[in-house]
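Chain IDs A, B and C follow the sequence of writing; residue 1 opens each chain.
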Amino acid sequence: MQPFSQFDERGGLRHLITLEGLDADLLRELLDRAQHYAGRPGDLRLHGRELQGFTVANLFSEPSTRTRTSFELAALRLGADVVNLDMMLSSRVKGESMLDTIYTLQAMHVDTFVIRDSQPGVTQYVAEHVDPHVSVVSGGEANLTHPTQGLLDALTIHQFKGGFRDLVVAIVGDVVHSRVARSAWRALTTLGVGQLRLVGPEELMPPAEDFAGADRFETLEEGIDHADVVMMLRIQNERMEQARVPDADRYFDRYGLTAERLRRARPEAIVMHPGPMNRGVEIASDVADGPQSVIRRQVANGVATRMAVLSYLAEARRKRS
Amino acid sequence: MQPFSQFDERGGLRHLITLEGLDADLLRELLDRAQHYAGRPGDLRLHGRELQGFTVANLFSEPSTRTRTSFELAALRLGADVVNLDMMLSSRVKGESMLDTIYTLQAMHVDTFVIRDSQPGVTQYVAEHVDPHVSVVSGGEANLTHPTQGLLDALTIHQFKGGFRDLVVAIVGDVVHSRVARSAWRALTTLGVGQLRLVGPEELMPPAEDFAGADRFETLEEGIDHADVVMMLRIQNERMEQARVPDADRYFDRYGLTAERLRRARPEAIVMHPGPMNRGVEIASDVADGPQSVIRRQVANGVATRMAVLSYLAEARRKRS
Amino acid sequence: MQPFSQFDERGGLRHLITLEGLDADLLRELLDRAQHYAGRPGDLRLHGRELQGFTVANLFSEPSTRTRTSFELAALRLGADVVNLDMMLSSRVKGESMLDTIYTLQAMHVDTFVIRDSQPGVTQYVAEHVDPHVSVVSGGEANLTHPTQGLLDALTIHQFKGGFRDLVVAIVGDVVHSRVARSAWRALTTLGVGQLRLVGPEELMPPAEDFAGADRFETLEEGIDHADVVMMLRIQNERMEQARVPDADRYFDRYGLTAERLRRARPEAIVMHPGPMNRGVEIASDVADGPQSVIRRQVANGVATRMAVLSYLAEARRKRS
């Protein structure tokens, strides 16, 4: 068996499981397309019909209202038929096997599967087995990859900063467990970001070999000093213990982004968060809602990015067939 | 902060949280519009496109198949994209806060939120915080308000009686806990109903200051005497105890609407019920299915009324922007 | 009350609860229509609009991702509005009664109900009570009937074999509990199949008076000898005990379809399974995925068949009104 590739024989993108292997030109093409859709909602009547006749199946195993709804709206606004299936694919060992479920939906002429599964490798495994005309898109996978999040983060930065080359981007918090951080790192590194910084307690930093090229900081103050972009990550209670931080208050004391600390960054720095936020834990409410926050724009860009990915894959498919 | 208003700066309706504050002209305008849609289903091909490009999010915390489906069909039949989210907004204190959930969906370009939450005040609280182009519609709130139900009840009465002025309308049952009764009272009083009667055991009557202008009766026989409209309310088991009625049979003995009792009302009186009915508790089955029952027409009018509200708010929004 | 009929007064099909009573001409008409839709997915842009303005409600009580999704996609691809309601109709004795639920949805102008309920008779009971313009379609009923499955199986056989007259079709496994077997028998017998064979352990064979005209075999080897079509049924653990088969391995030893055993059938025999499969129990994986397997085609034909049924009923309704 050939090694897995997200690309078809002509080199066109067929799946989006990870941003690994997508070069800067392709990323820019996807961002341009996303920007096109991001410009649309002003006139809501300008929905696309690019996916008319296509069927998108959302297979989400984790309860993820926001990401599933974002994909659902992206597909509906391009004219697709959408079915939502709450299912943990990786639990399908007994009874109906995982691939039989996929093959069944594929036989019903599902064109694109959007999959979130808590078990690493499931999304790629599905992509390796579907028919040539079918595409698989990751809706976020374990702590590994969340490619549409990486794209929407890059799009948001580009909208506010006009480029990547001279930027200092700080990713703050539970980096080791974050698919968001990994996908942002991958996108921004490919796009030639000036400096990428990882900031957080040592216990939540990734192994040295991961995040090649990134600089590491253990204090928030140093980590965001003169930064252009401050990207806060969500911290979960069980991770604080692991990081020997006794509770949310103590975490906030050390790594919470307050208005005062934000002054260490550049005056025009933007503040990002993938959501859902723990207000008062990793970010102060006045910063989350403040003038430098672009968090809601990230959400809007999320729909535009998913429209871009879905329509791009559909177009590539048309060229193949 | 300004006191909350459902109206925009030009005086156009922006939200529909309660019928309080809507004058007779506006109610009549909404009823006319609903009548327009109510006339359509004969030719089902005549679906509207008034909401094409709009997105409606149904956020229902209580299991309410009928009302949620009614809103969903209303939105779909006007061409909207619809997402259904089962969520108890008021439980969102931890993790993702209530408003962050709303802001996230708003950033995805949801135009209209339809919300049912068991906690009073949640719907208005959301309406106070959404962006100017976004509308919030109540899908029924605690025991307080259910504005589209009040409108559909008024529409049904108008269809069968041609007006309100000379009518005697009796609302029977658990009035104090009923958002249906409150919204019907509000709509009918504004529209100038002849006489509004509240009928039920003393323990289930509202405080004296509520339902201004309504007359109160403790026996069903007196309450529906010569009535033009008999509106039965659903009674719940736990309420019977509170009303010192030992069980459903005893409740039926005192307040159940039977064919015999219905003869006390005018011969051409109509019988209404918001559903779901407890047959044999508040209403006898032969009355529910009898010639004077307009209960199914109420359901049909429910879809038409919700189409009217959704399209009216969308039109008002277009005028604002 | 008249005996229930699936046909309207002009003899047009109004409901599809069972294949009983549908003559060969009508079955062929439905299969022709299904073949028309089966030919479409090659060009996905060719969705129909035959159900535009129609509303289909899927009421599924058993978790049945595959059949519900198949009906949902069939309806969406014909332009219908679709609502999915997870509900066990037969449990609706308390509170809202079963028929009130149906009447409520009917009043919202649901045109077609697709119902799967575990209690026998519920689907017909609903069909007996809906308004003349409303159709009811079974999504599979207890162990009795699954008419769209019977049609899709007939369609699949026709596609591969060109007809029915000279064919030997073997249905293998838990026949007595299988609505799939009953509907296949009904369809194939009506269409004049050459020989229908039932194959399985004695304990899982139906009573002698059922499956009129079918021949019975207790060993797989004899049962599929020179067969043109081998239709495997799903076996459930609790049924093995009943058939005095101690476990899945032992069942596979006796009734599992292996490549070796399949050589007893004709060389060009096709292998069918309604799904979901128990690989390694009733069928070997290499047979399920092998060149003679038409299992995925059955799934594709399922959508086409449901499109055919839904559009046929809608057309018959238009002629009535």
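Here is the rule we go by: contacts are C-beta pairs under 8 Å (C-beta built on N, C-alpha and C of every residue); 3 or more make two chains touch, one makes a residue touch a chain.
Since this is a predicted model, take the numbers as computed values, not measurements.
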For copies subunit A and subunit B, the superposing rotation on Cα atoms, rounded to the nearest 5 degrees, equals 120
Interface of copies subunit A and subunit C: same or different residues on the two sides (over or under half shared)? different
Subunit A to subunit C, mean C-alpha position gap in Å, rounds to 41
Multi-chain touching residues of subunit B, meaning two or more other chains, are none
Subunit B residues touching subunit A in their complex are 52-55, 81, 83, 85, 87, 95-97, 100-101, 103-109, 111
Counting only contacts in the complex, subunit C reaches subunit A at residues 41, 44-47, 65-66, 69-70, 72-73, 76-77, 275-279, 296-300, 302-303
